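You will see subunit A twice below: alongside subunit B first, and alongside subunit C after that.
Presenting the complex of A and B:
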């Protein structure tokens, strides 16, 4: 006998049970010693980055606008050709904004108040074909819900400047808005001959206050805004604008609004007596589609302004549609599918080979085994997802920018969230399908179920549209992809906030919570079955 | 014999309508090889899985070192088991297979290399286990069982697929480990595999123990203390033995069968009666005969020395 073993000792009551740490090390050893799994997980990350590059690369921006060259057909591209994306202004907090309107202003020095009565607000909607530049030649009457006419104060007519405004709207009543995202409602109801509205904007230092009134005598304060660092001399005036309508087409039709202002009264010291009329953000280089540049004239004591555009957050599809994560999702799905296969096999292979019995003789605490496996595959999947996204997000943005695409500005915090979120997305899915593997015990059925439940909704979600798509991204594991959301929803803009346009129905972390619930359910079921079943 | 190290008491288990275990009760003592033998489907593997905490019995208990397996601390240090040598991840090397097991018990990597040498796996240990022959898998399985240097070793059908050389090696290994004081439980569906190796045998049939005895006791029982006498005067000899108070039966013209008397006394009786005889032979059954006799008739037999095991 060549045994080098010592004579067996009676089992001592060693108080050191093998801790969870040794189960973890054991499961980690299992994972890293199967070359196919390691290759698969590395491939998942590489695939994700590669697809991100391909998707970004295939996205080129450029085109022609304006009237077709003389002698060519009506469907020829315009003569005003450009490469790269049109100009998208950036608001005071770094967000992409729309800032296109007609303004009649008079600079104000120091404090002051501008009052005006809006006596009418009407509109036109472009009805012409999509391939020609919008003009007033093809329109029908119609007022956009968020058509705006009112009083505005801003330090500068530069697009993206801070501002505050009191306004009448197409169908949202009187509103007090400032700096593109803040909004408070005033008097409801549309502007009619029988129900004109009075508006007032007061400047006191950095503080701006908006009032409305039905009769010009009783005034209600709607809200205030504090625009820190407002210069002594500010631009104060009347404005009209009217946003793109998506009611009839998904590509949108530009609109124009016309408002009549009466009883325009300035209390305060005007820098000059001359009122100037400006068309802001309606040039050919500006991204916001407008119906003409608007106009302003003064019949009698009234002011009549026509304007087109919007003063609000920039939204897709108008701004061109790319975000820090828009090239990532496809690669992430590829990585997800590979991760699902590896994570499932991490346990089903043990069942197939009977190895699970060896595992349970080494660690009879079956829940510990499952939790250790989940921890190991979860952490590894997190690293795969986070690494892939950490490379993919900057790469995607770089490629998109290089191709002339507009990429919505993103804060570092948002990029970190997308990167960590991609990791958590893969980790939760890996844990869920591992549990599925423990429940089903067969590689083929567990992988199929895993892909159907945890990857297909994402793919299906890209094909569907409307409420079905939104539903998928709310309640199925596809909700996890909501963590890729970059664009903030804006209640002050009517636009198709679809996933195709980069808008996800749930808040980023809320989406992961939904996915987490699926993983917890699967893990709970697997634990229950593992304890009950014979190995 | 010292205190039992495995105690199986009144195990019952059904799989659907099929009864797998039907009052399985036995003990395994250290310092000897206990053969666990019975036809396929007798309940050997189920019993072993219950002992290892893999299957839950409907009734009854199985204790290892006085505790249910699930309560053992670092169980591979107390029980080494070879349940299924094919239970391997084919793309993992043999050494890595042992390595993850070692990690789960906080054992050093050096122990992995020790057992690899011990079972003679050597250079093959760094190859993928999927390419191993059946014999190499068995050696790897044994290495896994020995990893924790446990006082109890349980092997389910370890000889399956082994070449004769391997079987001899395995018998020596198991024997030497028993000599070291370990409790060895080895199952087989072939009694012949255990005949020269097991010190003690548990014969299993239909979910319970049919015989629990040392090899000698079993054989003696099956032989039924029969002694064959060859003589030219068969009827006189039978008469003389019957007068001496023993059952004697004439089988044919010159052979009689005697029970209840040892060969030595028969010689004395016949010599005194001056009856000539040519041969007096104690009839020895082979272990295989006993096994077949037990498992076909399902008769129960327990040696007196082990009666205490049956409560």
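Presenting the complex of A and C:
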């Protein structure tokens, strides 16, 4: 009698494991046979893709400048409208960069060294209203912290070319920078009449070395750069540039810097004796907002250069760019709300119908039941989120590009991370609200709490500003959305790193860890209560 | 009608959850307003709207009247009570109207208390955040006609959100799905509006129930609003009326 009760097809060597397998299978059967839930989960993915399309479609690049039309408010857009985005250069590693400056150069053949003394560095900040083009007419004195003046070597004056430069800055001392992202500090302190700085850049084959000195006799090497494939003839010269300042306005004010170079000496073979002055990346098609195109002249033995722009990573809001995830996040919130409803019902409906008692009679190990439910809903939600993102990310980028928007270049790895991250985001949220459902046992309270806790912080974060917003994306479940972050933070640029500009406060996976902690807390509490309470 | 009203009132009154939900609505609304008023720190002399800031709690607090309204009908479907109810009161429009009046009445009372609490909190806390006459801002006071309009309008807003939710629940008939739908209808359009650019953003803010309805809270810079205050409340009223109408029709056409 007893031998005939166990089905012969099941292996029996590990009864506990076998037991969990069948719990898992019964929970999977429960999920897939409720038609409303399956429809809901499919709808979540479809909604996500549809909204990604809507958001991408609703973002038309372009804008309007000039005076507002008569009868509208003072903050209304102007009447001179345009479409399409300005040119954003791409750097040697495929990243978006700013490459706008004033250069006085002389081509160098083979190895050589250029030395110069920076005797002054001053600046101007644009103070005019937002709706007129920046010009030197409305300015006040002021030097941007990352205003740059120094010696630069590059194979080409095309924007986005590799380069290495030794420079004096507004308030970050002497710096050695190359290829837009690398930065090493040298002597600290600002340039003053009593404390001029000496700069030197040496080229030996593909290797470039930057030196600084306070007196022109004792030199300190700051750093070296290896620009592979540097041609025999390179452009070597003096440059000045000055970035947009966000000190006073969130939209930024262009600045200009003026530097005086003395004792400019070249050791090496110049291709020609003529020094040429270029304004790079300051045309009307270039994205970087500049205060004029700068100038260069030679009073006596000195060089005086004025320049505006930046040589660094491109940042929002200046580039005005979208990212691979910027049209996806809204669709994800919609999918999140649907997933929250289904995941909660996955357990609250059992309480409502009394099925939970049957479930616990069949499987008295209540933790196993909860874990099996969490595994089933987690895997399903992962698939929904990852599938939706796998369609949504390329679709969103395609639509944004088609609308004339600039989309920051991303690597395939980043796109894969966004797709997998979206799946994990949905999975962790589903597990957390399932646990919430087990704790509260009522659909109404569990869903309301689930939406308020897991979906609304993101909404509130969008509406708040500054530190409150950053705090929300660090410690609330909205931190999970940090996995959508694409734009790298840059320490060499001053810019408002807000969510609206596409900058998330945490590293992508760190955000998911925060969300994971919430899910674990909910699951732990649910396990504890499930074991102590009657069903 | 009177008997239907009394029957529905008895059902609502005798549920323990009703009282807790209404209390929760007041506490959540005033609590969020107090937290925002305590956290905000204003440095600029213009651009802030003290009344709107004091009423921020409505933003989250509205979920609870919405849940109460949903539960009023969806729980009857969940427990099968709806069949008893319809046996006792076969005129289904009258039944829905009775539920609507009761939910609206309770939300009105809780809304009045919540809005009064918000304004009091604003009056007491906002001067500490730099929103005082010394910085060019008037104190929050019901004697200003625009603040009075915002206060009365916020109470009406809560009532209309509850009626909208009742209509949705009558259509959907399931507690969980109804709440999901109501929260999505309320909260998704404002997020979508943040994500897209004009003119789509402006149109969305004009027709979405929450953004249009909450225009009633603005007391400064009315020209920059996507929709005029009372017109915005009218949009929400249209949403509520439409959902009740569809709910009523379906209630009449379908078997319970």
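By our rule, the second predicted complex is superposed on the first by the 496 of 535 C-alpha atoms of A that agree within 3 Å, B and C clash if a C-alpha of one lies under 4 Å from a C-alpha of the other, contacts with A are read in each partner's own complex, and residues count from 1 in each chain.
Here, a contact is a pair of C-beta atoms (placed from the backbone, for glycine too) under 8 Å apart; a residue touches a chain by one contact, two chains touch by 3 or more.
None of these values were measured; they are calculated from a predicted model.
Of the two partner chains placed by the overlay, only subunit B lies in contact with A:360; subunit C stays clear of it. Once the two complexes are laid over each other on the shared chain, residue contacts for A:340 go to subunit C alone; subunit B is not touched.
Residue contacts after overlaying the shared chain place A:282 against neither subunit B nor subunit C.
Counting contacts by the rule stated earlier, residues 36, 349 of subunit A appear in both its interface with subunit B and its interface with subunit C. Remark: subunit B residues 30, 49, 52-56, 65, 69-70, 72-79, 81, 83-84, 86-93, 96, 99-101, 103-106, 114, 117-118, 144, 146, 149-151, 172-173, 175-177, 179-182 touch subunit A in the complex. The touching residues of subunit A, when paired with subunit C in their complex, are 36, 40, 51, 54-55, 58-60, 73, 75, 77, 327, 329-330, 333-334, 337-338, 340-341, 344-345, 348-349, 352, 443-445, 447-448, 451-452, 455-456, 458-459, 462-463, 468.
Chain contact summary for the complex, subunit A toward subunit B: residues 1-11, 13-14, 16-18, 22-23, 25-30, 33-36, 349-350, 353-355, 357-358, 360-365, 534-535. Of all residues in subunit C, those touching subunit A in their complex are 39, 60, 63-64, 67, 70-71, 75, 78, 175-177, 179-180, 183-184, 187-188, 190-192, 194-198, 200-201, 223-224.
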